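Consider the two complexes below, in which chain A is the common component and chain B and chain C are the respective partners.
Take a look at the complex of A and B:
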């Protein structure tokens, strides 16, 4: 179910929260309204951890992870790393990455099987990603943008990319990631889709500015609606026809 | 709070000291005091500057390979908090520092031992060969000391006997 939420008057939820199938990282200090929406949706299924990374609140953009592991930049302090290690379940491996590009959330987009990375990422970092997160790593650009982590977000069910991605690129990505991909926007036409929303296999949180159309696109591509007979087939058709109608201009 | 090492001299930087410089390629350089910072700005290579740890370890003046260094290596994977582990670690830290310090002292004294022996051999050789090089005053005093030790015979008894006879 996709919910609309605001973090401290900002609609860029993906900047502040990092949501995966096993845990959710949020910064401290916001109003309880934000936390109550999050915890209400996620309940007992997912551990919600309040933390800062490198003393900042932009947790969603600095760290990246999936159900198997979490990667932090080298700027994260020892206390934060220890706090995360204590709070997260044992199955999740917490690791610090020594990388020049320290905003890992902007450089890496991943689900439980595949990861797309910034083309300039270090070789050792790529190895760490494939080792800790247990994924296959591909270096890609999205619509000519190197920050794949910001302009593309995907889960095990589907993915959303920058609206100006060409159809060929979209098909290529779909085959690479083995999930249906859609080019769309979030937060009333914001191209930075990953920064505008936090999504996992069964929930999504979009910024409050997200229009109903955008929310329905998100719900259909990430398969968040209640399963109904025939809905699966409907979803796959909808992907191609509906979105292209809205965004071809 | 984390105690870092100075990039130039490798000493620990305590909170409130020093300067951190971040280069354009995002590499961070930490300096413990302005001495190290100024040397860095002069583009000096710490491996060539005699008083730095880098020079001393490179040239074998200080201990390089030791098991006590393994305890301080940077680990990127944290362990879950365990009270016993933390307590034992805190107890072990001063012990390890002491052992490392003792081993370092041993290393330095071992390094200086052959030099000491050579110096003593040189001194004894000099004494044998070059005793004449010592100033005359010193030598004459020695001989005078020897002379005073010579025994003097007493002559007084015979005259006494003569006197008694008359």
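Take a look at the complex of A and C:
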């Protein structure tokens, strides 16, 4: 289900929150409304941790992770690292990466199996990513932009990229990631799709400005819709649910 | 690169991957479209953003109905016909400022028809503006101009006092005939110099030209200085005076006097003058008047050009003028020297035996004279000349010349042809001159007509004079075959005539004047 939220009057939710299948990092000091929506959706399934990274609130753009691990920039303080280690489940490995490009969220986009990185990332960082997160790493550009983490976001179910990505690139990415990819926008035509939304395998949070069309695109590509009879995500089992309904009604 | 996909080769051998743009959904209406910086389809953009917001829909222009010109503030008035590019320019300039302030640029404009009496001018503009992340939108926008009527400054001045003039050129020549003015009139028409005059009035022995500004009058005076030997003096009279801004309004008068020597005048030079001109014989004939006088000595065939300033030193008057020409019949002619050409005119020295037509049959008075018309005269021809034998002259210089030298008894001036009262193939245009009704003497009308007829005849004889003016085809001319038999009367060839512009629908093109 895709919900529309605002973080302190800003629609760029992906800048502030980092959402994965195992945990969710949010900054401190926002209104309780934001937290209650988040926790209402994620209750129990996912740990919601309030933290800051490197003393800032732009948690979503500075760190990156999946269900296996979390990577923080070298600017993160020891206190924050310790706090995260304490709060997160034990399966999640927290690691600090010594990398010149410290906004890891802008440079790396990953799900549980594949990661796409900035073409100029260090070799050691690439190794750390593949070790800690347990993913295959590919260096890519999205529609000519090197900040793959900003212009592309994907989960294990689907992915959304910059609207000006060409058809060939889209096919290539789709083949690489083995998930359906679509070019689209969020927040009323904003191209920075990853910064405008936070998404995991079963839920998504978009900025308040996102139009109904954009929400429907998000829901269909990330396969977030309720499995109601007749309502299909991409390639879902419509026929089965219809048969089931016929028999049960 | 995926296996199996073909690489697109660039011209330089570099690998350029194929990139077809994908389609995204418009974020507002969901229709599939090419991605653009706003990621909204054109309709949603136009619905959301109105680029003509703040652009004026009404404006005003001021129009002068008398001279059909429009005001360009603060003070200039520009003539423009309805729906013309000049009018478009004026209207666009009126709304230029608000457009520039809103950063809207104009990509096109056209007129929408409106009735002229509605006092409204309608324009349809195409405006272009950058919105939302760099997309340029284009939209049409109608603008309506309300036309306010107001007389412009010059029209209101003309309305208040139509005879108001600022400068006058008083052209005078103190001779009893008006040939010079007829000739000058044609010259002014050809060069269009009298077009700026408010009024042209006839005065005794001259013409008055009234102008609205001093510079126009000065322009006419400069032109006259190039075509006639004149002497100018100026005067001005204070009309009004604004003490606060020290503006003085004057009336200017240019008093222009033309030298009284005309063509075909016989002049007796004083000893001093004759010596200064290199010993030119005491009797000279004036053959051409431009801005200098050409004096021909008929006995030696020498021509001397005398400028106006030099003339003022001597100030001699004509002893005999063309009114006093007497008709002679040529009995015998004997060429003395070959034909020569001076200044484009041909002369030939010859001995001629002539007798006055009034004497011819009655007595045997024959004169043997030297003449410069040897190339024209044949025995039996008629010629016009000055009769010094029988003349009674009131001229000091002539008296001294007579006593010192032996003067010829006859000076032949020109050949005369038969009078033929037929219509001419050509005609001349006239200036609209206001006649002074109060000053008319009895018989003056006839005199004027005679002079005009003589002028036209002179034109027929002299191709050089014709060259300086415009002759028009006479529509009422009927060719008379009978009178062209055995005629050596010079006529104007048809190539020299211009077809008059008529407002009819058949012929309104100008024939070329080939001289």
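What we mean here is this: the second predicted complex is superposed on the first by the 227 of 249 C-alpha atoms of A that agree within 3 Å, B and C clash if a C-alpha of one lies under 4 Å from a C-alpha of the other, contacts with A are read in each partner's own complex, and residues count from 1 in each chain.
In the analysis below, a contact is a pair of C-beta atoms (placed from the backbone, for glycine too) under 8 Å apart; a residue touches a chain by one contact, two chains touch by 3 or more.
Bear in mind that the values here come from a model prediction, so they are computed numbers and not experimental data.
A.B. asks: Would chain B and chain C fit next to each other on chain A once aligned, or clash?
C.D. replies: When both complexes are placed onto chain A, chain B and chain C end up side by side without any clash.
A.B. asks: For A:123, decide between first (touching chain B), second (touching chain C), both and neither.
C.D. replies: Once the two structures are laid over each other on A, A:123 reaches no partner at all.
A.B. asks: For A:82, select first, second, both or neither according to whether it touches chain B, chain C, the two together, or no partner.
C.D. replies: first
A.B. asks: Quick check on the superposed pair: does A:213 touch chain B, chain C, both, or neither? Answer first, second, both or neither.
C.D. replies: In the superposition, A:213 contacts chain C only.
A.B. asks: Looking only at chain A, is it chain B or chain C that touches more of its residues?
C.D. replies: For chain A, the partner with the higher number of touched residues is C.
A.B. asks: So in the superposed three-chain picture, is A:102 touching just chain B, just chain C, both, or none of them (first/second/both/neither)?
C.D. replies: Touch partner of A:102: chain B, not chain C.
A.B. asks: Which of the two partners, first being chain B and second being chain C, lies in contact with A:94: first, second, both, or neither?
C.D. replies: first
A.B. asks: What's the minimum Cα gap, in whole angstrom, linking chain B and chain C in the superposed view?
C.D. replies: 30
A.B. asks: Do any residues of chain A touch both chain B and chain C, and if so, which are they?
C.D. replies: none
A.B. asks: Looking at the complex, which residues from chain A come into contact with chain C?
C.D. replies: Chain A residues touching chain C: 163-172, 175, 183-185, 188-191, 211-214, 216-217.
A.B. asks: For chain A, which residues count as touching chain B in their complex?
C.D. replies: 77-78, 81-82, 84-86, 90, 93-98, 100, 102
A.B. asks: Name, in rising order, each residue of chain B that touches chain A in their complex.
C.D. replies: Residue list for chain B touching chain A: 2, 25-26, 76-81.
A.B. asks: With touch defined as at the start, can you tell me which chain C residues reach chain A in the complex?
C.D. replies: Going by the criterion above, the answer is residues 2, 5, 17-22, 24-30, 35, 38-40.
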